[in-house]
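Once you've had a glance at the structure underneath, I'll fire off some questions.
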């Protein structure tokens, strides 16, 4: 009975709705507990909020063009592919008055200079988190190949990140598509493998805090959380030879029939106060300059989340790969894992 | 007779057609296509995905997966049998004991695995206990190796072995065991010669329900194996997610299914189908 | 000597249950841990309080239960009927399809179902939702039910049914009054299996779930992505205690 009710309800909801609706598909743990509720009470729009764990998962769902979602949060290197697949709706900047709140570099980002398709949401970097008792401190990617740390090193379980670290170590670009360079990077990764304890993403946090792991390739967010828990025992460094920068953006799907409401939601998230609340809840780095000004000093001044300009200059943004390059990288990753 | 049988099979047939046959056809189709630039599939039909499989690296992956799955299944049989026997003989409390076996598995698999990781870590409970008792001085590397993966698999699939075993043991006539004892057999002989053969269908059913999913596992090897070893389940998972090579993923999974089917068919006995 | 031997089995059972339940104990202990991380920092019920306020998580749990119950009922009924039919006479197609269903890795089932739904829905004007999830769950649970029930059927003497029919019962009545009671333990075991498989499924569910159908595993994975939160432990502990109480209660009722 419930099933039929659901079927009818779904059909009914698709046809007409009593309250205006909006379906938002975001990464998990990316808004504050009251963000959605406040938007709902302010605008009267009912928000259906779903989460995903990876860009590929989101892409698989929306690729068909009839997923039901209105807003998604693709990472920057996915905007180009989604554009080519005709999945995104153009943004009307006149409907987004809070666009000025964005920090200057994110108002004309390299992946979408006119912000026609996406609005930058949050960004992050990858570096090395380590036990502060380590002597000498890790300073470059090469230090994660240190034999003395055997069995106590973790790398991210993310092919672009691992290959990226190897490429940077060899002095190449993060986004290199040269087979020769990539294969050299792969050999480094395979050479490191027997020293690696595990390939971990967020799970490294607990292990760093517990002391099982001496040095880890980690996202700044994870490191910041671990450092907060272990007060003083952990440290973080932005490798000398360069590191990865990434960002997530807000975009409206072309299939959405609620463009107006979607714009309102994006504008809402751009509000400095709202963005600041999210940052305080999630502890990440926002692209919203005005929001940064509202942050408490210990968050705004956290060198892990908001490194200095000269540090950031060493970073390199992830870019979309061509099909053959992606294929090569995937094959190399499979071989690394099978070694 | 025929009509009843057809009626009974109809809903299952319909469901299988929708949830199994049609999607399978899609998988076969995908395996012959080329990967799209950013995921999905594209027109040029090709056998390349299958020829790519001849690389020895993939054979190694398949072999490793089979070996781990076999060990896990064998351990499951050994560990589940006494437990199923106990439950089958426990009279009125049968359902209670059965529920107690299943209960842990109504919580999330992910959380249980994290609980095991907590137990097995270098600074985890087991190591801390052993060191406190003075049994060892250095923490044992209990996590991030094949052993941990097998442990995780056994833990995760034990009920799948217990339930079918219980279902067959429960109806076993105890007088058969008595007769065997009366004829002078020792308890172990009775077990080996009488009880075990009688519950063979249960063992086979359980092995099927354990071995095949173990073959395709990826989460356990990711979490407990430290994502260092790639099993065929990881390979397939990877192709459909990070690597975005759906056609190759489809071909790899067809290979996996072929191996599973092959083993199932080889293990079949006349008239003793599992399905 | 036989004294010890008689105790061996129950002793082993205790050990086996300990093995199965120790992780649960860990979960329960850390669900009342004040700290967010796996270092003990004092007793606290804050995670349960947070849970009570998390409307999404509660809804996800409700969805999961609904889906699991519906899928279990359907899969058990259809599966039992199918097992009986297969026992009477082998059907190569159905058996083959069921074998394949078991042999297919979850990610493949999920992706192929998604592709199939996306293609089919172009003509049907439907969306992904609870119905697609339930359909998927029934689909993959069927094989488990059939395997378990069939294993039991192999030990059933068809002469019993024939006797009933000789006494005047129709085939269906014989099935209903003779076979089903015999199969009862297997049906119960199969239902439990189907329920377990359904309530914990993540991969397939996340792929075919629609806008309105967030389930508990999806919510849990989402929470766990940024590092384990004790709210998950609280969820698990509640589930175990809740379902455990249900099980004990039903035992008491039956014993009456």
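A, B and C label the chains in the order they appear, each numbered from 1.
FYI, a residue touches a chain if its C-beta (ideal position, glycine included) is under 8 Å from a C-beta of that chain, and two chains touch if they have at least 3 such contacts.
Model, not experiment: these values are computed from the prediction.
Novice: Could you set subunit A aside, keep the rest fixed, and say what connected groups are left?
Specialist: Contact components excluding subunit A, positions unchanged: one piece.
Novice: When all chain pairs are ranked by how many C-beta pairs they have in contact, which pair ranks first?
Specialist: B-C
Novice: How far is the middle of subunit A from the middle of subunit B, if each middle is the mean of its Cα atoms, in Å?
Specialist: Centre-to-centre distance between subunit A and subunit B: 34 Å.
Novice: Centroid of subunit B to centroid of subunit C, CA atoms only: how many Å?
Specialist: The separation of the two C-alpha centroids amounts to 15 Å.
Novice: What positions in subunit B touch 2 or more of the other chains?
Specialist: Residues 240-241 of subunit B each touch two or more of the other chains.
Novice: Would you please write down the residue numbers of subunit C that are in contact with two or more other chains?
Specialist: 38, 111, 119, 221, 224, 228
Novice: Going by the touch rule set out above, which residues of subunit A reach two or more other chains?
Specialist: 57, 60, 63, 203, 210 - these are the residues of subunit A that touch more than one other chain.
Novice: Where on subunit A does subunit B make contact in their complex?
Specialist: So the residues of subunit A in touch with subunit B come to 54, 56-57, 59-60, 63, 78, 81-82, 84-85, 151, 157-159, 193, 196-200, 203, 207, 210-212, 322-323, 326-327, 330, 333-335, 337-338.
Novice: Which of the residues in subunit C come into contact with subunit A in the complex?
Specialist: 35-39, 53, 56, 66, 70, 111, 114, 118-119, 121-122, 125-131, 134, 206-207, 210-212, 214, 218-219, 221-228
Novice: In the complex formed with subunit C, which residues of subunit A make contact?
Specialist: Of all residues in subunit A, those touching subunit C are 2-3, 6-7, 10-11, 14, 23, 28-29, 33, 48-53, 57, 60-61, 63-64, 66-69, 201-203, 205-206, 209-210, 221-222, 225, 229.
Novice: What residues on subunit B touch subunit C, complex-wise?
Specialist: So the residues of subunit B touching subunit C come out as 1, 4-9, 11-13, 15-16, 18-24, 26-27, 30, 79, 82-83, 85-87, 89, 92-112, 114-116, 118-119, 125, 155, 158-160, 163-164, 166-168, 170-172, 187, 198, 201-202, 204-205, 208-209, 212-213, 216, 218, 233, 236-237, 240-241, 246, 249-250, 253, 256-257, 260-261, 264, 272-275.
Novice: Would you mind writing out the residues of subunit C in touch with subunit B in their complex?
Specialist: 5, 9-10, 12-13, 16-17, 19-24, 26-27, 38, 78-79, 81-82, 84-86, 88-91, 93-95, 97-109, 111-113, 115-116, 119, 135-136, 138-140, 142-144, 146-152, 154-155, 171-172, 175, 182, 185-186, 188-190, 192-193, 195-196, 199-200, 202, 216-217, 220-221, 224, 228, 232-233, 235-236, 239-240, 243-244, 247-248, 250-251, 254-255
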